[in-house]
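The data blocks that follow each hold one structure.
Two complexes come next, and they have one chain in common, chain A, joined by chain B in the first and chain C in the second.
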Partner chain A sequence: MHPLPFSLQLLNACAALLLLLSFAMLSQRRTVNLVNLLAVQGSLLVIATLIVAWRTGQPHLYVSALLTLALKVFALPMLLHRLIRRLNVWWDTEPVINPSGTMLIGLLVVVFSFGLAQPISAVADTAIRSTLGIAIAVILLSFLAMITRRKAMSQVVAFLSMENGLFFGAMSATYGMPMVVELGVALDVLVAMLVLGVFFFQIREQFDSLDLYHLESLKERD
Partner chain B sequence: MAVSFSSLQVCLALLAAWLVVGFAGLLRPRSIRFAGRTLFPLGALCGAALATVAGLSLGAAPESRVLELGLPGLPMHMRLDALSAVFLVLLGAASTAISVFSAGYFRKGEGTLPGLLCLEYHVFLAAMGFVLLADDAYSFMVAWESMALSSYFLVTTQHRIEEIRRAGFLYLLVAHVGALSILLGFGVLQGGSWQFTFDAMRAAHLDATWASIAFGLALFGFGAKAGLVPLHVWLPEAHPAAPSPVSALMSGVMLKTAVYGFLRVTFDLIGLQLWWWGLVALGVGLFTAFYGVIFAAVQTDMKRLLAWSSIENLGIAFAGIGLAIIFRGSGLGHLAVLALVATLYHCLNHAMMKSLLFLGTGSVLHATGERNLGRLGGLIHRMPWVAWMTLIGALAIAGLPPLNGFVSEWLLLQAFLFAGDVPHPFASMLLPAGAAIVALCAALAGYVMVKFYGVVFLGQPREASLSTARDAGFAERVGLGLLALGCVLLGLFPALIVPVLDGAVAGLLHVPTSRWGGPWWLLAPERARHATYGPPALCLLLVVAVVLSIYGLRLVYHRTVRRGPAWDCGHARSDARMQDTAEGFGQPIRHMFEPFFEMTRKLPSPSDPTPTYAVTVGDRAWKLLYLPIATAVHAVANAVAWLQQGRISTYLMYSFATLILLLAFVL
Partner chain C sequence: MTPLAATTQLLEIVGAALAAPAFLGWVNQCRAWLQNRRAPSLMQPYRGLRKLLNKDAILATNASPLFRAAPYVVFATMLVAAAIIPSMGTGLPMSTAADGIALVGLLATARVFLSLAAMDVGTAFGTLGARREMMVGFLAEPALLMVLFVAAMLSRTTSLPLIAETLAGQAPALYPSLAFTAVAFLLVMLAENARLPIDNPATHLELTMIHEAMILEYSARHLALMEWAAALKLFNYACIGFALFVPWGAGNEASGPIGLLLAVPLLAIKLAIAGAALALLEILSAKLRVFRAPEFLATAFLLAVLGLLVHLLLET
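After this line comes the complex of A and B, so read on.
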């Protein structure tokens, strides 16, 4: 078996780092660190996109990389940092399931994801042999993070990281989505962020806290 | 160069014109003058034209057309045959009079804006027309649902009143349950071809089981619209809630679309008819008729009373259809024709007389602001025009000759009396007993009308405010007059109308037309030796008898009359409170048929210084059927509510689990 080209090795390294970051986010309890991790995840995505763009020579992927850089590395983390300062939510409370339990479940999820990607990887181009499994794993791990968090802020970060996973999957599997779709998704994420920001203020005003535990009182039946 | 249009094209154009008139109402939504003086008369003109065109097309061959409207690849099929034409005549004629009446009826402050009301009203009319013309399941359901929705908005015209909103919701609920059943029925009828045109359904061959299921679904679905027991509960609620012209349209015309749909499905779309289906329809119909009429007898709200009376009449119509199915399933095609002619005639009659009565109550309501029979009375002196027109309607619905109600009941009784020919031993013995129930219902209907008319128009006013009541305006009088004229004409010249209906029905059943012997003034069913009926002659006889007796009385009695204040037979001190009330008049019926009523009485104790007596009559259907269903639904909903834990992580968990599960299928 001859060795992989250098670009693909780099791409695989990016994917591995992404997976590692996902686990880091799963266990991280400081909100500020979570946002920083999100920014790092974003920059890894930029690098991955640049690699694919260089390899395939598709010009629109460069635009996509630029967009990701602006939005996911700078704009969103800045917005989140400002929110954290203004809402004064530095820490998440104890998660629903304890961190070590969450990590174990996360391991199972990764195994499941690789199993899921197996039949696709078998027929696919070498570039995505392992990246697709990792993309699915990132999506599911972010989902898991959303479930285990109690504070709305951490859930939003997990949500954004899920979107990153989707982006990574799309990029590595099909060399990026069409430009229109990508622009649409970018806009969606930005709008969702703004709407969620408004929600934060509303929730805090209503309950004097961003702890979602308080929302339980809204259900109809006891 | 002469351009000729087919009848179907003209009908469709007129329905479109109704829509245009309706949308024109939005131009000046707040103007009652614009809607009343311009739009409603225009709508009435369209109605009259529709009745004429449909009437002229009655003898012609069916024609059909495909309209490239609606969803791509799903064109709307339209078809005009004799059955549709009969009902289009009914729609056009009744709506003409009701629109004329409406032109003068709607006033300021009736809730919905006049322009919107005009839109809803004309969309309702057009939707009913499209129901009658539809020739595939898709356009039928679209028209059917538009009809239900537009009438829902009409019912809730005064939507600020909680009770009216509830009545509207109940109506909408029953309408949708019924529509669901009809939809399923069409699903069965396509018979595996997955073609939803009516032509494909005619061509599909169903076996006996599936045909029976389709029939059951149609009976349930159309029965919900027609108000068959136990799906009748919306009628007594929706009619008092709706403005009177709307009640008239709903009762007079919309209920007939249910009859039309049931006939269309049973005789046209389902290829075969089993005779026992007829027993089911007949049983339900007769029970509905009986149930409706005894409840009508104990009502104290005049529109509610009329609503129950509509239930009775639709029950009779379905009994007629049931009888026709029995005859048809037993191979007695000519008798089936007789029963169906009676049914169609009854529908025409009911459209005229029930619309007339509802419009009459509308005039009374506007003049007095009162629907409660206990606060009315003596209006014949204050509102003579309304009183006399309503009298014609009341006599007609009571089934008295020479008016129209008698004709259809007579025809139906004739059909029942031939039931001895049915080749099933028990059926042939028991079916004539159905005639007895029809006769009982007719008699009770007479009782109901005596109560309705007597309490509202005769006697003395029960409230002081009634003395200021004024007669209806010009447009209202014309509307009432047209309907009364319809009642009289249908009563006097059945011999001209029945052969036309016969042609329509014979085409539907694929049997040769029957012979209706006799000249224009004599109605003679096939076996004329049994019975004939000549309304003009009877009418002449009645007039002569009345004139003679008045003259004779004057001659013999009045010459020798003594005038003197003796004891006055107790009339010296009679006042309005001593008259028979609506409750009092209905009391014998309440007593005789007690098991059918859910009664709560409030009796005073002997030591009570201020004794009061109260009795309320309820419908047992609520307790026996609807409350258990509601409880069960509630219980299921409560059980499902367990899912709602109120925690976002739980909800995310649901999504996560679903995702994993679905992905595991791919694995």
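After this line comes the complex of A and C, so read on.
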């Protein structure tokens, strides 16, 4: 085995922890803990971005790390915590599939995404291209988390973690997106969060619950 | 076989058999301190064994020869397992006979005999314990195998002493795969040794017990052997953990007799730390419902497989 430079080892460890966090989110039943895990995921992203910025010497990555820190570690979790308090949704209901089953499906998803990433990382020329598979896995696992949840709140958290995965993927494939795109996405996420917050209140108003299965009653019956 | 290798081998077997009850006693002592109780002496397990060995054995009238043979089989299996785990030195002549996968098989043999003996007399408790033990076993075994596979892939061999030697000789680096498998191994160790989140080692006659339920029918020397074997199993698991995750300090051919002499106190220090950590972990966790045990072990399996995948993706 060839020894990697320490910064790359640290980056790989961050990537592995991100993957582990995705599984933790997949199995977590308490919405509050889910939000905390999202904040931890955000801080790991900040660390990873800082390492990449230091390695490549690209100043815009420092800005993007700062943006991630402000938005994903502080602003969004705080917003979500406030929403949880005001909507009083501390727990998710039993997920659609039992946790062990979800985990096993998650493992298959990871194998699939590692296979998917192989040809892409072969073409990419960044030093951290091997973490691309983990980024794709994080995206797909968040997707799985969205599918297996019933409450709107948990789905939104999973959606945000998907965005984190995309961010990590962009970083490992091309050392981050252009600054304009990044700013746009950050703003989009923030606005989406605010709009969704309003939606939560509307959904609860209508159905007295945040369980999205109630939305099916909007279908026309015949 | 060099004299040094023979000494190491002999020291490992005798040392494991003699030190295992002390290790169990140390864990109990730490638990007592953490619970603000007066701790039993470190010698307490030895006193228990001596007391049991001096008593007359009583057998159920319908006990078969299997019931009598099981304690000896279980104890012998654990001794053989101790012989192939590189706890003090890596130059083990017996380890060429069995590698890591065979070690898992050895532990499974012990489990099968223990469970069969528990069902042999036909009491409800024994059968219940045996069934639970098999449930825990069939979930923990794949996880343990996966842990061994990750270590084997890192060092390109399945022989435990060679794994320990390769891992100890590697340049220090961050291995996320090893970190994941270490956690997985810890979960497997807790489940397999009937420790707290899965089984409570401190209680008898509780509906939730697993290990204690299986040995309820044993008395005197049979019970002594069973308890000694359980202590040995915990000792063995700790030593497997050291071999895979803290492999530094085991003696080998190169370091000679001095290396072996240094390895013994080093192992004692490692065991003391591991025992205290185990006690702390047990204090902090509450017993899981039996139906949550599959989830616990699925987590262990998941972590081990993730370790394998991360190794394949990041470390090759």
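Brief remarks on what is shown
The criterion applied here is as follows: the second predicted complex is superposed on the first by the 214 of 222 C-alpha atoms of A that agree within 3 Å, B and C clash if a C-alpha of one lies under 4 Å from a C-alpha of the other, contacts with A are read in each partner's own complex, and residues count from 1 in each chain.
The definition used in the following text is that contacts are C-beta pairs under 8 Å (C-beta built on N, C-alpha and C of every residue); 3 or more make two chains touch, one makes a residue touch a chain.
Remember, it's a predicted structure, so these values are computed and weren't measured experimentally.
Chain B and chain C, once both complexes are superposed via chain A, fit side by side.
Greater residue coverage of chain A by touch, when chain B is weighed against chain C, goes to C. Our angle of interest has its tip at the CA centre of chain A and reaches the CA centres of chain B and chain C; in the overlay it is 140°, to the nearest 10. Of the two partner chains placed around the shared chain by superposition, chain C is the only one that A:A16 touches, whereas chain B remains out of contact. When both complexes are overlaid on chain A, the residue A:L166 reaches neither chain B nor chain C.
Look at A:S130: by the touch rule set out above, it reaches chain C but stays clear of chain B.
Applying the stated contact rule after C-alpha superposition, one finds that A:T148 touches chain B and leaves chain C untouched. Look at A:F114: by the touch rule set out above, it reaches chain C but stays clear of chain B. In the superposition on chain A, A:A75 contacts neither chain B nor chain C. When the two structures are aligned on their common chain, the gap between the nearest CA atoms of chain B and chain C comes to 16 Å. Residue ranges on chain B touching chain A, taken from their complex, read 638, 641-642, 644-649, 652-653, 655-656, 659-660, 663, 666-667.
Residue ranges on chain A touching chain B, taken from their complex, read 96, 112, 115-116, 140, 143-144, 146-150, 155, 212-213, 215-221. If you check the complex, the residues on chain C that touch chain A are 154, 170-171, 173-174, 176-177, 179-180, 294-295, 298-299, 302-303, 305-306, 309-310, 312-316. Only residues 1, 3-4, 6, 9-10, 12-13, 15-17, 19-20, 23, 27, 99-100, 103-104, 106-107, 110-111, 114, 130-131, 133-134 of chain A touch chain C when the two sit together in their complex.
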